[in-house]
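These are the structures in question, set out in turn.
Shared between the two complexes below is chain A, which has chain B as its partner in the first and chain C in the second.
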Partner chain A sequence: MEGLTIALIGAAFGFLLAALGSAIGTGIAGQAGSGVVSEDPQRFVSMLILQALPGTQGFYGFVALMFVINIVLGGGKMPTPQQGWQIVFACAPIGIVGFLSAIFQGKVCVAGCSQVAKQPGTLGSALIFAIVVETYAVLGLVSTLILLLRVQQAVQG
Partner chain B sequence: MAVSKVRKLELVAHAECREEIVTALRSLGAVHISDIRELFPESENQLPSYLQGSLSHIKEKLAQLLYCILFVERFAPKPPFLEKLAKSKPVFTVQEFEECLATIDIGKLYEECSRLEKNLEENRSQIEKKETLISDVSHWLQLPWPLEMIRDTQTTCVTLGICDGRAFNLMTEEMAEVSPLYHIEVTGRSRTSVSMVLIYSKSVEDLLAPVLRKYAWRPVRFAELNGTPAQIVATLREEIKELHEHTQHICERVMREFVPALDKLMLLHDHYSQECHTLEVQRHFLFTTRVFLISGWIVADHEEALRKRLGEVTQVFELRCYDPAPGENVPVFLENNRAIAPFTLITDLYGRPQYTEFDPTPLFAPFFGLFFGICLGDAGYGAILAIACFIALKKLNIYGGPRKLLEILVWGGIGSFVFGLLSGGVFCMKTEQLPAIFKSMMLFEATGDVLLFLYIAFGLGLIQILFGIGIKMALNVRKGHVIDAILDQALWILFLISLAPLCYKYLFGGAVGEAIVSHAVRAAKILAVALVLTQGRKTRPLVFSPLRGLLKLYGVMNYFGDVLSYARLMALGLATAFLGMTINDIAQLILGIPYGIGYALAALILVFGHAFNLAINCLGAFVHSLRLQYLEFFSKFFTGGGMMFQPFAEERMYTIVQSSPAKPLMESHR
Partner chain C sequence: MDDLRYSYAVARINALSTKLLDRAFASRMLDAAEPSDILPMLRETAYAESLTAVDNVSQLEGGLIRELQKTHDLLGAICPDKELIGLFRKRYDFHNLKAMLKSKITGVPHADAIVDLGTYSIGELSSAVRGEAYRFVPRYISETALEALAEYRKAQALYVISYTCDRSMWRYLMQNALKHRNKIVITLFRDYINMANIKAFVRVKEFSKTPAEAFRHYFIPGGDYELDFFLPLMDEDTSLFLSRLRDGECERHIIAHGFGSWEEDESFWRLEVARDNFVLYSFHQMRGQLFSIAPLIYYLLRKEAEAKLIRTVVRCKLSGMRRAETEERLRYLYV
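Up next, the complex of A and B:
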């Protein structure tokens, strides 16, 4: 396989996994939110905020993808197959951590939905519980970017 | 700092002037009334019987009013969402209010409303009933005979009936086999059912009955209906029309007579719910036969105003204010200047400071604005956000928490505007496309110089964390624990500062001058030894204290983790930029479609794409900045969990009564 093909596979899977996790996370949080809104329509905005939280991992995956396309492959020189594999592994942190953290964050948000339903006015703490999970997705993205920067230096010389 | 000085208050007065005093307290809105059981645990929070009576009377009125309002509201036109927000509360003068109170008879209104609703309900069920009847009778619409003629003769049975459409042929065949003494006149046929008039000789009833049963034929009787089916349906239609007209008439009447008075009903609702609250508050009073006692809290600056106001009302009272004893649970009132005040929303979300603590709001507010700005990181977005929120604040009637939130977002937008200019983010344009004026303002390129961006984030994190430890140190000094301040905080601050260049060089591969490194290593070694020796100084027996110190030194990992956590600033900033760039790219691709369609589509994509990007990243920027304050910053010096100062004050949810006798001293928090 060409280096470019391998690199694109890496970028695609980084995004794919993270976005899949986000889809699952927002999916379950949305179901819980919908249940709360059916009882109390005024909670819609809080529920929407809680549902949107596990969505960010997808964006992080997208950032990694754009980074590979625009920065690593942006200089005109194509990577060797070996560098292609390096890109695949560099994309793994955000892909895998994003996938899992989005699902778990979704679960925390589900719990947050019922918390806010029972105790209105505690949206702040529900958000914080969810954001603690997201820390690791953020670290995943940062590691991916640092690894990609290293590969970029090698590719573009 | 901005935690106001609060004094304990005890007010004893004659029961005769109870009402005047309570009204004065309410209009002043300066007293936090606490439960008398804190002073007299044996008190049962019972209202005296005469107050209990008026409370239940008011509650009944309130319930009736609420019923009327809900009933009338169904007929009121619904304004669009934004218009509803932009509409100000209806304003009444004191005279108008008193006139409303005197003229509107709630009991009568309630009766009228419930009668009308009953009428409407009856009409609806009548209409439904008649419509069902029409659909039943229309099966026999072709029948030319009046229904009262369908009845048995001496030797034959004549009856209407209906059976399943698919079973009809089988049924007639089987009936023909049993006996010829019957006749079926089919009057209606649909895919599912056949309606008919069945005539048969009474002599063969026993033979035909099993067949009819087998095919689920069922007889239908219309009691009390006269005339041919066609006539009946026509009459029913006529009746339904009349009922509709009656309903319409009632609706029009409600629209004409009641809907315009809705604001007045709201005014009364506000009045009575306030009265109700006022009586409920008096449960916290202590009543004797002649006097009553209020215990509570007051912000020290308001004490004179209260004394003056009470003096205007009556002379028979005794007011005592004194400073709270140490350790007492004092309600906390925060006072901040206008720029900082909205950020108290964030402090309150975490928990008010203890009375003995200070208000952290002014300390984190600048950090919050800055961090929000970095996370959003785009000058264009920042300008739009700040301007949009500013306009919303000016034009829409938003109060309480949401208003503070918008004010915070204005600051966040300004932060984002500034940081966007410095880092070359203007509507996520690529750097080479940036107009020269923005390029000249750029200090570094956020999307190109990612590592530098990351180090800036870490640097800011280190600064905030050191600042947090510094605050703790100042607190210790103020309490007189100078040794703690030096050993627990100053040593750590120096240690972390000496570690920073080492981390930068060895962990991140940054370039640091040789001289700095050697100084830093020496300082770090000395400080580490000092920390090991001092951190365990409170451990007994003393032999274990260095061990304990060693363990505490491991706490450096916590600080390291805290600093790493600030990487999110860079990650979120890049997320905004890259998403926005993609939106721009897509719009550019589409531009090529001919006949101007390309331009229209590109404009749509740009507007909606950037709006979405702005919204989703605002959410991210807000909660992540929030988290940095709560988990990384507050943990260094702040406990929180104080009781909120909630003054007993006037509260009107839906209406405003102008020229209240006096302006309340503070905004109510309920």
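Up next, the complex of A and C:
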């Protein structure tokens, strides 16, 4: 298999996993938000904020995907198969961490929805609990970008 | 394992739980000078809609039933395991069947004993019982009715109807809980069966001339204690028997509170209060399990406890009971 193909498969899976995690996370948080809004429509904005949080991992995966496209198609040189595999492994942090953290963040947001439903003044603390999970998704993205920068230097020579 | 299907239902119920009656409200009801003063208080709460057709305290029961109907309807609509949550409603089918069978045998009208919360139409059930035509009623009802009538014809005693219907109900509920493999519901039903068996054991031991024979009829299978556990203890002193049960958390709590004053009045009401309190407390602890049926059951139990609370306060006020005595009979409200 060519280096370009391997690299694109890696980028695609990195994005796919992170986006899938986000879809699950926002899905369950959205269901919880909808449950709360059914009884208390005034909580809509709080619920929307809590639902949106697990969606960031999908964006991180998309950033990594664009970065890989820039590496493999942005310069004149194509990656070797070895460099293609390096890109696959570089995309793993955001793919795997993004997938898992989005689901767990979704669960934290579901708990946050219930918390805000019972005590409307506690949106801030509910957000902080969810943002702690976000930290690891950010670390996953940063790791992926650092690794891709090293691969980019090797590819562009 | 988290069941993500419960996200919507649990969040909605948590939003609704802010409207549950709390201790402060219970205290206000207890302070009311007259039973009729309780109605305006209830109209300030989530009960307002259910009490629109209620003009005086004598009609309060209808309002409480309507509120419970609303709760069951909502839970039935939003719970992902509809059949499982529906089991809590089917308890009333068995209760109504029992009341109608007794009424048919004795000829005493059953109107007061019927609770319109079951899954099967009261009218259809009533005509089936009247005509002994069970062909078109659900199987769990027809089998129970035929079994109860057969047992009654043999024994010619009315209590046979009660224990046959109760045994049949727990057998049906437990079988269905096991079919769904839901540990929360299985444990809840098992605790109820344990308490029913302990209560039956103490009752036959204290009041029956042939306790062992009577207990064989009353015993409900499916709990933690088998028939073989109870029968050898029939000749022991009741307090010794109770001490033997104190292994599990459930039994320890309920026995301590439910039979603590047994020798004073030999009454079971404390046991029932202790059982309800323990179940409420257990589900209060589980209400944080956001991806399970536990918060939904907790909400249902709270609504049922509220109805009992309101009923108890009103009845105690009508009978002129002192506040301290009334408080002792109240179900503890966890908020």
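What to note about this one:
Here is the rule we go by: the second predicted complex is superposed on the first by the 154 of 157 C-alpha atoms of A that agree within 3 Å, B and C clash if a C-alpha of one lies under 4 Å from a C-alpha of the other, contacts with A are read in each partner's own complex, and residues count from 1 in each chain.
Assume a contact is a pair of C-beta atoms (placed from the backbone, for glycine too) under 8 Å apart; a residue touches a chain by one contact, two chains touch by 3 or more.
All of these numbers come straight from a predicted model, not from anything done at the bench.
In the model built by aligning both structures on chain A, chain B fits alongside chain C without clashing. When the shared chain is aligned, no partner comes close enough to touch A:Gln82: not chain B, not chain C.
In the superposition on chain A, A:Gln153 contacts neither chain B nor chain C.
In the superposed model, A:Thr5 makes contact with neither chain B nor chain C.
Measured by the number of chain A residues touched, the leading partner among chain B and chain C is B.
Applying the stated contact rule after C-alpha superposition, one finds that A:Ser114 touches chain C and leaves chain B untouched.
Of the two partner chains, chain C is the only one that A:Gly33 touches; chain B does not reach it.
The superposed three-chain arrangement places the nearest Cα atoms of chain B and chain C 10 Å from each other. Shared interface residues of chain A, touching chain B in one complex and chain C in the other, do not exist.
Per the touch definition, chain B reaches chain A in the complex via residues 349-350, 447-448, 450-451, 454, 564-565, 567-568, 570-572, 574-575, 578-579, 581-582, 616, 619-620, 623-624, 626-627, 630-631. Within the complex, the chain A residues that touch chain B are 49, 52-53, 55-56, 59-60, 62-63, 66-67, 70-71, 124-125, 127-128, 131-132, 134-135, 138-139, 141-142, 145-146, 149. The touching residues of chain A, when paired with chain C in their complex, are 24, 28-29, 31-36, 38-40, 43, 107, 110-111, 113-114, 117-118. Note for the complex: chain C touches chain A at residues 2, 4, 7-18, 78, 288, 290-291.
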